[in-house]
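The chains carry the letters A, B, C, D, E and F, assigned in the order they are written, with residues numbered from 1 in each.
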Amino acid sequence: MGGGAKATLIREDGLRHDGRRPEELRPIRMQVGVLANASGSAIVEYGKTRVLAAVYGPREPYQRFMVLPDRAILRVRYHMAPFSTSERKSPAPSRREIELSKVIREALEDVVLLSEYPRTAIDVYVEVLQADGGTRVAGVTAASLALADAGVPMKALVAGVAVGKVGGVLVLDVDELEDSHGEADMPVAAAPDIGLVTMFQLNGVLSEDELDRGLSMALTAIEKIVSIEKEALKRKFEAIGEEV
Amino acid sequence: MGGGAKATLIREDGLRHDGRRPEELRPIRMQVGVLANASGSAIVEYGKTRVLAAVYGPREPYQRFMVLPDRAILRVRYHMAPFSTSERKSPAPSRREIELSKVIREALEDVVLLSEYPRTAIDVYVEVLQADGGTRVAGVTAASLALADAGVPMKALVAGVAVGKVGGVLVLDVDELEDSHGEADMPVAAAPDIGLVTMFQLNGVLSEDELDRGLSMALTAIEKIVSIEKEALKRKFEAIGEEV
Amino acid sequence: MGGGAKATLIREDGLRHDGRRPEELRPIRMQVGVLANASGSAIVEYGKTRVLAAVYGPREPYQRFMVLPDRAILRVRYHMAPFSTSERKSPAPSRREIELSKVIREALEDVVLLSEYPRTAIDVYVEVLQADGGTRVAGVTAASLALADAGVPMKALVAGVAVGKVGGVLVLDVDELEDSHGEADMPVAAAPDIGLVTMFQLNGVLSEDELDRGLSMALTAIEKIVSIEKEALKRKFEAIGEEV
Amino acid sequence: MSITPFKMPVIPLIKKQAYLNLYEKGLREDGRRLDKPRNIEVKVGVLDKAEGSALVKLGNTQVLVGVKAEVGQPFKDTPDQGVLVVHAENVPLASPIFEPGPPDENAIELSRVVDRSLREVRAVDLESLVIRPGEKVWNLWVDIYVLDHDGNLFDASMLAVMAALETTTLKDYEELETGEILVKRDSPGAKLKINHRVVTVTTAKIGNYIIVDPNFEEEIIADYRLVLAFDENMRIVGAQKTGSGGMTLKDFKTALKISKEVAQIYFKALEQTPK
Amino acid sequence: MSITPFKMPVIPLIKKQAYLNLYEKGLREDGRRLDKPRNIEVKVGVLDKAEGSALVKLGNTQVLVGVKAEVGQPFKDTPDQGVLVVHAENVPLASPIFEPGPPDENAIELSRVVDRSLREVRAVDLESLVIRPGEKVWNLWVDIYVLDHDGNLFDASMLAVMAALETTTLKDYEELETGEILVKRDSPGAKLKINHRVVTVTTAKIGNYIIVDPNFEEEIIADYRLVLAFDENMRIVGAQKTGSGGMTLKDFKTALKISKEVAQIYFKALEQTPK
Amino acid sequence: MSITPFKMPVIPLIKKQAYLNLYEKGLREDGRRLDKPRNIEVKVGVLDKAEGSALVKLGNTQVLVGVKAEVGQPFKDTPDQGVLVVHAENVPLASPIFEPGPPDENAIELSRVVDRSLREVRAVDLESLVIRPGEKVWNLWVDIYVLDHDGNLFDASMLAVMAALETTTLKDYEELETGEILVKRDSPGAKLKINHRVVTVTTAKIGNYIIVDPNFEEEIIADYRLVLAFDENMRIVGAQKTGSGGMTLKDFKTALKISKEVAQIYFKALEQTPK
C-alpha cells in the first residue's frame, strides 16, 4: 500500500495496467518433482512470481526433543532468494519472512494428516526465486503440491491467491505494482474440497461489502488453481506411467 | 560520573537539587503480588525509578542438563524496557545489563535456601520500567520481595541503595542527575537481619574515610528499606486474611 | 594480491625487500610447553609472525552428542587477536577465519591417530598474536607441535610454509608485504616423513611450471621446518630430563 | 523456520469438555457470555520518560505500551513522512511460556498486525512528523510490553497502543545553525496528530463455538483465532487468521458480526479513558 | 571452530567396495569413465529481477546464480574499483544434510574459493565499474543458490557464476544534481566487461583412484578433493585441497593432468551456451 | 540471563579442608602467606603491531594486553574527549573452562571493572586524544587477552593494561585537505598522557580466612572475592564484590587493610618494569 497512485492501475477501458480484467488471474504454471534430493518438490509461477517448494520427511527431527507423541510436527520456512527482489535482499531472515513462515505453516497444518506420523518432522522449504506480488500465496500452492508429490497424505489440496483493491476496484491476483500502490491486499488460501479457508490476512482498508465480495472472488479463483494443481500432479503420474 | 558539574547538585542551603537532605531517601513505594501468572511479583519505586520483578519456580529448567544435584540454580535477568530511558534503549541485552544480571544474582544467591530444591531452577526477572538512578539496587529490593511473595524460603530479606558523592558531599539514594554529574556512585545491597553485604560496587573516587562513612549510610538506609519490605509483605497477608 | 607493485619487492641485486634470497626462510623460532593449563602448547614465530597454539584433550566433549563411535573428533579454531593486525580486528570470527579453521583442521586430521580415542574430542586452538604473512601455515606448525607436546599420537609431524610469486620471481615464506603486492600466494603444509601434502591452496596466478617449482620449494622448506620442530621437542624432553 | 508448537501446556480433554458444556449454555468459566469481552481498564500517562504511554488490563492480561519520539531520518522512499516502528517483546515475567531472547514468531506477528492495522488506514498522521523533508523527521518507537499474559494479546496491545498514541506529545524543537535539531525536553510540546482510531477484535473458534476475547486457556484449546481491525467508521482496516485450524465462510461471518459489536465496546473504553 | 563432521551419512563399506571394483574396470556407477564429468546444461537469463543469472545442471546437481548490480561505495583502499561480493547459501531444500541458518564452513569455503579464482586473475574488470572514483561504484552481488546437491558444488557453482557474469548487464544511469545516481531500470544497459573466463575442476581421491566431478556419494567416500581453477589460457588461477586426506605429489600430478582436460569440456559448455 | 554456575570443576571437600588447615598455619599451598601475592613479571612492548602492549605473569596466570590507537569519531556527548574501549576475551586456550564464543558475563565483568577503575579517576587523559573537536579523536582499543588462567584475572589484567597504556605511543599525523587524518605509521610519535596509575587488588574469603591474589582453585572454593582499585594516592577508585557469598563489615575492613599493602607491591612492580 502507501504511495500515491503513481501508475494508472486501472485504465480507462476498465482493464488493469497489464491488460488483465479485474477478475483475471495471471498465467499460472506448475510442475512437480523438479528436485532429485527432496521427498517432494514443486515449482509454481503466477505471472513473474516464481516459487520453489521442497518437502523432506516425515523424518526423525534434527533435535530429538522436538517431537510430539501423537503426531508429526510441521516445520516451514518461507525464504526469499537474495536475487528475487528489485533490491538485493539480505539472506538473513527478516521479520516479514518469520511471520510468513508461520502463516504458511498454519495454512497447511489443518490439511496434512500429521497424526499418521507420530514423533517425526515434516519439513517444508519455500524459496521465492522471483517476487512480483503474491509470493506467500504462490508459496502455499507450491508447498501443497510438494507435499502431495512427497506422498504425504492430506485431507485436500490447498491453494492461495491475493485479492486487491486498486483505484477503487477489487482485482484478483495482485502483482507487485498493484500491491505497492493499491488500497488493499488480501491474501487468502483455502482447501476448497473441504470448504475451509486456511490463510486469511488483510493489509489495507475495505468496507464489509468489499470484504465479502473479495473473499468470494478469492475462493472462486482458488478452486480454479486447485484444478491446475491436480493437472500438474496427474501429468507427473502419467509420466511415471509412461516410464514403467 | 563524567561531565562537569552542569547542574548545582548541592544548593547553598546544603540541600540537594531536588530538595532532599544528603542522607534522605527518595519516596519509596512497594507492592507485592502485582502479576497473576508469576509465582511471585513485586513493583518497587525509589522516586521516579520504577522496577518490576517476577519469580517463576522452583520449576524444572527449560534445558534439562542445566541443574545441580544438591540445590536449585538461580537464573536472574536484569533488563531495561525500551521506554525506560531518555533515549530509547535497544531491547537486545547490553554489556551493562549482562554484568548487572550477574551482580543481582550474586546479591540474592547467599540468602535463598537453594538446597531446599535440588535439580530445579528459580527464575528471577527484573524489568526496569523507568530509570532515574539506582535501578540495580531497586531491582535487588524488588527481586527479594518477589521471592518472598513466591514463598521461596530465604535466610533474610535483601534490599539495596546507592550512595553517591556529589559536590564533595556523600548523599544517599542518588538519582540519575546526581549519578551522571557526581564524583562517585556506590551501589550496596545487604541482608541486615543476618549482617551481610551481598552487593558492593564502587564507580568513582573515594577516600578510605568516605568509603567507610558511605557504607554506614547505606547500611542504615537498607535497614529502613527492609522494614518497608516487611510492611509490604504484611499488607499482602492481611489482604489475604480479609479475603478468607 | 591486488594493488600495483607499490614497493620494490625484488631489488636490483635479486634479493627481496627485507634482504632475503628468494628461497630463504625468515628466522624461525619455536618453543613448546609454554602454557600451564593446556594439555600441550607451542609458540611459533616466522619472522614477525607469531602464533600460539594449545591443545586440550582427548576429553569428553562439551556437548555429549558431538562424538564418533570409532574415533576422536578434532575441533580446530584459528583466531586472530584483535591487536595482531595493522587495523584492529573485530574479535567476532570472520569468514576468513572460519575457512582457515577448516583448512587447518584438514591439514592435521590425517596424521593424528584419532581412532585411539573413540568418543572423545581433541581441541586445538590457534591464536595469531602477530600477523605478518603466513599465519595459517605457522598455525599448522604450532598446532602440530602442541599436539606432540600434549602427547597425542601422530603418524608424523606436520609443518607449513607459503610460497609466493613477486615481481615474477618465486619466493619462499612470503611476508605480509609480499602477500599484499605479489602475484600469487600458495600456502602448503605437509608431513614429509610420510610423504603427504595435507594443506594446499593457491591464491593467485601461476603457470603449470611455476606451480611445480613452487611446490618443490615448499616441500624442501617444510622438511627443514619439521627438523626445527623436532629440535624444539627435544629441548623440552632434555629439560625434563635435567629436572629429574 | 516456523515449527508446530510442541511445548505448549496441555489442557486436559476433560477440561476442554467442561468449557464446551458451558458454551452450550451460552456461558464461560468466568461467567461471561460468548460474545462479551472481559473487563477493560485503560490508564494513560503512566511513564515519565516516554512521550506517550498506556497500561491496559483486559481481565488478567496486562499490557504496557511506551511511545518514544526521537529525531531521526525518514525512509528513503518516503521523505515526506515520519517513521513509525511497532515492536513487541515477550517479556518473560509475563508468562511461564515466555523465555528470554529476541522476539519469536508470535511476538513478531503481534507487532506486525498492530503495525499494519495502524499503517494502512493512516491512523497516525505521518506527514505531520516531518521536520525537514528528506532529512529530519520524528521517529516514533511504539514498544509493546506484555506484563501478564492471560490471552488476547492482540486486542489488549492495540488498545494500549492506541491510548498511548492518542496521548503522545511531541516536544518543541529548534533548528540549530549546524542543521542539528535541538529538542526542548521540558517544553509543553504538541499532541501527536491522529487521523483514525483503530481497535482489533479477536474471536476464537472452539468446538462449534465462536467466542470473543479468549483467555489463555481458551487460546490453547482454540482451533484458530480471527483478528479483525476496525476504524471508527467501522471499515475493516486489517485482518489475520492465526492458528492452524481452517475456517468456514459461515464461521467467518459469525465472527465478523460479533466483532463489530465488541469493537464498539473497545471504542467506548478508549473514549472514556481519563486523559 | 571447525569440527570433524559427525553427522554425515555413512556409506556402507560394501557399497564403497562396489565403487572401487567399478573404478578398477575404469567405470563409475553411472557409466562414466573416471576422467569424465557428468552431463552439463547451462541456461542463462533465467531470472527477471537479476542483472545476470544462470542455472547449471551438472548431472543431478543444480545451482542457480543471480547477479545483482547496485550503486554503492568502493572499498576505501580500492577507490578505483567496483565491488564484487560472492555469497553462497546452503539452501535447505537442496539436500537432507543442509539445515536452515547462516552459511556454514562448507558454504563459506565454496564462496571464497569461487571468489578468489575470479579475483586473482581479474576475471571481472572491476575498474570498469567505477561511476565516480572513490565515491560511487557498481557493487556486484553474486549469489550462489544450490537447489539440488548431488556433489561437486565447486564446479557447478563456478560454471553458473561465470555464465551469469558473462550475461550481466549494467543499466544506464544518470547523475543527479544532488550527486545521487539514478539508475534507469528499463534501459538496455551495457554488458559487464569480462577479462577472463574461469572454470574450476574438482577431482577426488578414492581408494587408489583419482576421479573427476564426484557425485555426492563419491564425495562422502573420498579421502580428499582437489579443486583447480583455470583461465582460458590454462593458467592456474586458484587451488584448494578440501577434505582431510593427505595428498601425494604423484596424485597431484595425475589430478592436474585430468583436470586440464576436463577444463576444456567446461569451457566448451560455456562457449556453447545460447545467450 | 545470569545463571548459577553449574559446570565448574568441583574441588573435593577433602582438598578444601587441606587448604583451610594450611591457612590456619598462615600458609598456602605454594608456600605463600595469606596476604602475599604471587611472583609478578611485567614485560612491555611485546607486540609490534600494537601501539602499546604488555605481558603479565602473576604466578601461572598469564595475560597479554594490546592497545591499538585508531583515528575515529568521539562520542556525541563528549566531543572533547578521545574514546577508550576495554574489551576482554576468554580465549579458550587459557583454560579448560573457557569455550569459544562471545565474551560471557565473567569476561564482561572483568573488562567493565577494569574500564571503570581507569575511567572514574581519569587515569588516561582523554582530553589529550582530541584531533579535531567533535569530529576526529583517537580511539584506544585495549584488548585483554588471557593466555593462561590460574586465578586472579582482575589484578593480572589491570597490571597488564596499566603497563601497556604507560608505554603506548600515538603516531604523528597530518590533516589532509579533504579533512582526512593521515597517520604516519613509521613516525616516532608521542607517549600517551597518563594522569594516574591504577592497580586493583583482589582478596578472597575462604572459610574464615581472607587471602589475597587467589589462584584458580582458591577462587573455586571462595565464598566471594573483593576487588578494590587504588590510584597512586591510595584513593579508592573502584570496587566490586564478585561471587555469591555475603560479606561482613569486619571482613571488608580486613580485606581493605591487606589490599592497601598489596597495592604497594603492585605499584612497585609497575615502577620497576624495564621500558
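Definition applied: a contact is a pair of C-beta atoms (placed from the backbone, for glycine too) under 8 Å apart; a residue touches a chain by one contact, two chains touch by 3 or more.
Just so we're clear, the structure is a prediction, and the values are computed from it rather than from any experiment.
Counting hops only between chains that touch, chain E reaches chain F in a minimum of 2.
When chain centres are defined as mean Cα coordinates, D lies farthest from chain C.
The pair from B-D, B-F or C-E that reproduces the interface of A-E, where over half of the contact pairs by residue number are the same, turns out to be B-D. Averaged C-alpha coordinates put the centre of chain A at 27 Å from the centre of chain D. Once the centre of each chain is set as its mean CA position, chain D and chain E turn out to be 48 Å apart.
The mean-CA centres of chain B and chain C are about 51 angstrom from one another, to the nearest whole unit.
Across the assembly, chain D contributes 1, 100 as residues in contact with two or more other chains.
Within chain C, residues 77 each touch two or more of the remaining chains. The chains touch one another to form a ring, and the order obtained by going from chain A toward chain D and onward is A, D, B, F, C, E. Across the interface of their complex, chain F is touched by residues 1-2, 66-68, 72-77, 95-96, 98-99, 101-106, 109-111, 114, 184, 186, 190-191, 194-208, 211, 215, 219 of chain B.
Those residues of chain E whose C-beta lies close enough to touch chain C in the complex are 1-4, 6, 78, 105-106, 108-109, 111-112, 116, 119-121, 223-224, 226, 231, 234-249, 252, 256. If you check the complex, the residues on chain E that touch chain A are 47-50, 53, 60, 62, 64, 66-68, 70, 87, 89, 91-96, 99-100, 102, 141, 143, 145, 147-150, 185.
Those residues of chain C that touch chain F in the shared complex are 35-38, 41, 48, 52-54, 56, 59, 62, 77, 79, 81-88, 91-92, 123, 125, 127, 129-132.
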